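Naming follows writing order (A, B, C and D), and every chain is counted from residue 1.
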Amino acid sequence: MPAELIRILIGLVAVALSVGLIGLVMVWVERKVAGHVQRRPGPYEVGPYGLLQPLADALKLVGKQLFMPDNADPILFWLAPVLSFLPVLLLFLPLPLGDGLYTLDINLGLLLILAFSGLAVLSLLLGGWASNNKYGLLGAARAVAQSVAYEIPLLLSVLAVAFVSGSLDLATVVKEQGTWPWNWNIMTQPLAFLIYIVSALGETNRAPFDLPEAESELTAGFHTEYSGMGFGLFFLAEYANMVVVCSVATVLFLGGWHGPVLPGPVWFVLKVSLLMLLLVFFRWTYPRVRFDQLLNINWKWLMPLAVANLMLTAFFVKLAQFAVVK
Amino acid sequence: MEALLQGLPLDYLAACDYAKTGQNWQVFLPAGSLVKAAERLLAADWHLEDIAALDCFEGYVVTYHFAHFDRPGRATLRVVAPHDAPHVPSISSVFQGALWHERETRDFHGVIFDGHPNLIPLLLDPDMADCFPLRKDPKSRVKMREFLEAGQVIYRNPSFTLMTPDAPAESQVSGGTAATA
Amino acid sequence: MNVIKEACKTVSDLWSLMVGLKVTGKYFLEPQRTVRYPWKAVSNLDTYKGHLELVGGMKDPFKPRCISCGMCALACPSNCLTVVKKKAPKPTPEEEKALAEAKATGEKTKDKTPKDPEQFLYDYTLCSLCGTCMENCPAGALRFSKNVYMAGYSRNDFQFDLVLKLRESDARATKAEPAAPAAETSEA
Amino acid sequence: MTRYADMGQVAGDFYTENFAQTAQEGSLILNLGPQHPSTHGVLRVIVELDGEYVLRADPVLGYLHRMHEKMAEVKTAAQFIPNMGRVDYGHALAWNWAFVGAVEKLAGIEVPERAEYARTITCELNRIASHLLWWGAYLLDLGAFTPIMYAFDDREKILDILQVPTGSRLTYSYFRIGGVAQDLNEDCLSRIRAFIPWMRSRLPMYKDLVSDNIILRKRIEGVGVIEPDQCRRYGATGPVARGSGINFDVRRAEPYSVYPKLDFEIPTSMLMDARGRYDVRMIEIEQSLRIIEQCVEQMPEGDTLVKGAPKPSWKVPKGEAYFAVEGGRGKIGVHVVSDGGKNIYRTKLRAPGFSNLSLFAEVSRGTILADAVAILGSLDLIIPEIDR
């Protein structure tokens, strides 16, 4: 038991450090990609290739005065950013980076991730509501409607994979898949993968689904009134959430640490990075959808498709079982 | 234009030279027939281009520019509002575009448009609502026959003398005021 | 039939998203447009028109061509020009005598007042660079400079005396002179 | 003006209080602007929201008001030209033209042929720049960040060209009473010749990246329908009217300068929505290129400023004149009344954006907040022009 505890402690420290690091790197990547897509260099003054720019920005954010508007609820106002960031640390625990390379070995890892990622919306709601700002309120309302809606297809698509693998343990799901791309779950579950990516965009409030913070409508949505590290935590949580979502996609659909030649963790990081790059490209290519369209996409397309996909999967899984029994 | 405004009490109607001044018709109306005229213009496919006031010796000349979308032709409707009580009926119930033009005119010249639903300052600060920047100094006001185009008179109400050229003796006097302007 | 059409439309709609990604992907790989300023300058500086400057005369390039007529100040929409005329030089005793003689004989005397301005005050903060002054200058004594890199710490840095500025460029030239003749001799 | 009584619960200034008087029970009053990312400068729109639905919207103007019409009273005609470059920073040359044209009409000045061509070329280039600016900013409103960079990349080329004859990049004061300030030199013309095929080659990219994009199509199709009748009542012109199927363009309806000699089309769209206005503007870019191409070919030799052009002491003769040109946003009209004095007695500037924006209150009623922003953007607002 103590060994398990030590493992969790080491894991937690590693996760906390790596989340910070990933946040910084992702900010750099995002800005660099945005720059190159828009035919400008992006950050390039601070450090080689501007690598230290996010660090400088983070320092600036830490140094800024923490500001709270009049009549805001002080407890909830400051609780919100913390609440948005803390669960993210937990989400990293069950993620298997390689064979046996995970912090927390529980057979309900998938459930843990889904459960705690649901907390994120609470922080957006609190932040928007407590800041006594009309834009914040609208952003919070949007965030709730959006997250609640998009959680369902996300869950359904993940469930389909769980049916195929027969387990909610992430490591087992990976082990079920093979080395080559055609052995991955994306081949058997392409629709679930698509649904997962789209709902993941919705869950993480990334463009083109970044409605809770839609700049041109709500200035900055739920975090309009946050400055300094309050905003910094929201920001960090957004990128950390992105990493989690992409990691889960890698584990469920892209064969996790499997891959030829290179060692497992490298493959894992490579796949996650590619997915992240795709999400970043989405943001810098597409206009934002409208709020009713966002919900329509979910309720009229993703939900029925996800349900159909799940039922088909269940049918075939059962069929396969019968075949094996016979 | 004559046919369009048939039966309305008019003061002055003249055909103008488009090449020279950019307008085809010049109409002076008494304030009472303005809304009716606007209704007829709307029915005849005219659109409201602009409303402006002009501070003349005789009063504020509120000028309504109308034009067509599909054929050439511009008409200038003018209503003279006296300096001491500048009231003109609002045509915003007919041409909603007038809502803002009228508010702007009130800002600049202090012409009050009766019947306007929301005659609050548009471009100027509400705190300086009683300051009318484009009102002229009484000394430098010029009679409108001095510069407004007379055109070819089609109809003139006998009592409307503002656009008839002055008698020679008088014109010298008005020339003097123009020079001081 | 309608269902198939709908499906085709949906697919083409989704395809439009891929096309968009293709465009941004293409530009991602293409060279950047940004000119990294301190190391490289943009290419359109030769047509830049900066603040006004006086044109030097034919004989002395550092003495303005300006004849202090004041047309520029009259035409200027934003009143940013003030031309201060030179006072007539105090006549020497001989000249005074000659002047008195001329007066006595009723001859017309030549005006000794120099035409070039004492000061040509120019407020760059007000100037809208419309060029009306240049167009109205009878002597062609004004032009836009090509001074792109003008910056200052206060408002007063943008109020110049253009005569002084012209003379300063002279001073700089004289400072640089020692090098120039050497080059000439070596060429010769 | 009497101040309205303090409403107690409503916090806000005069306009908010005035607006809140007729608000419904339980609705949310939101001030979009004057500092808001989607209001293009300093427009302020007070909206009354029921959830995400806009019950009522009321634009509040005047944050960029500079009283150009008063300035016209205290300056001579020639001195007022730089002001015209500052009325509309998007399409400054059209305003230059409208004012100069009105004065020329009043004074009966004939402009040399070459100057007319120079005016047309620069004005059309400026129109493309204006549409590109709108395109980028509109996509920014709709949440796409990249198009504005591509648009500015192309716009930069136009600004470089326009910098050659005008010397400025945004607020031009290039036209003069009786001509233009400088001839288009060979350098400038060759740049223009090179620019036309370049711009044409860029248009398919615009289509691929944005116009065909399904998200954009869903965002602007059927949004902000403006009936032709509404255009008439509000006096909306330009792409807003043409997007509603009204075939009205001052260049054709009241031809001026060399436009009658040129072959170009007036695009209209029967869609009447934001998509229609979008399409019209995109086609107008192509048509402007066509106009420029013809002008560069036909351009005669000669003077660019009429002989005996007005001196600073020149007085505008007595009389009145109205001159309209087609700007990037619609009909720009300048009404000049002169009493023969040193300064013009009254100059009235008719800003197309002013009339177009006054439509907004009616069109935005009952839409979603995001649609209201999309409509606001599709009207192509340049606030300095509206506030003057």
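Criterion: a contact is a pair of C-beta atoms (placed from the backbone, for glycine too) under 8 Å apart; a residue touches a chain by one contact, two chains touch by 3 or more.
Treat the numbers as computed from the prediction; the structure is a model and nothing was measured.
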* To do: List every chain that touches both subunit A and subunit D.
  => C
* **Chain pair, most C-beta pairs within the contact cut-off** => B-D
* Centre distance in Å when subunit B and subunit D are each reduced to the mean of their C-alpha atoms -> 26
* **Centre-of-Cα separation between subunit B and subunit A, whole angstrom** => 65
* If you average the CA atoms of subunit B and of subunit C, how far apart do the two points sit, in angstrom? -> 45
* **Centre-of-Cα separation between subunit D and subunit C, whole angstrom** => 30
* **Where subunit C touches two or more other chains, by residue** => 17, 20, 23-24, 27, 33
* Contacts with 2+ other chains: residues of subunit A -> 37-40, 284-286
* Send over the residues of subunit D in touch with two or more other chains. => 146, 150, 153, 209-210, 213, 215
* **Every chain pair meeting the contact rule** => A-C, A-D, B-D, C-D
* Structure fact -> Within their complex, subunit C touches subunit A through residues 17, 20-21, 23-25, 27-34, 36
* In the complex, go through subunit C and note every residue touching subunit D. => 13-14, 16-17, 19-20, 22-24, 27, 33, 43-44, 47-49, 71, 74-78, 128-132, 135-136, 144
* Mind listing the subunit B positions that touch subunit D in their complex? => 20-23, 42, 45-50, 52, 54-55, 63, 65, 68-72, 74, 76, 94-97, 99-101, 108, 118, 120-126, 129-130, 133-134, 142, 146-149, 178-179, 181
* Tell me, which parts of subunit A touch subunit D in their complex? -> 34, 37-40, 134-135, 137-138, 141, 207-208, 210, 214-217, 219, 283-293
* Could you pull out which subunit D residues touch subunit B in their complex? => 1, 3, 13-15, 18, 61-62, 65, 67, 69-70, 73, 102, 105-106, 108, 231-236, 241, 246-248, 253-254, 318-324, 331, 333, 335, 337-341, 345-346, 348, 350, 354-355, 358-359, 362, 387-388
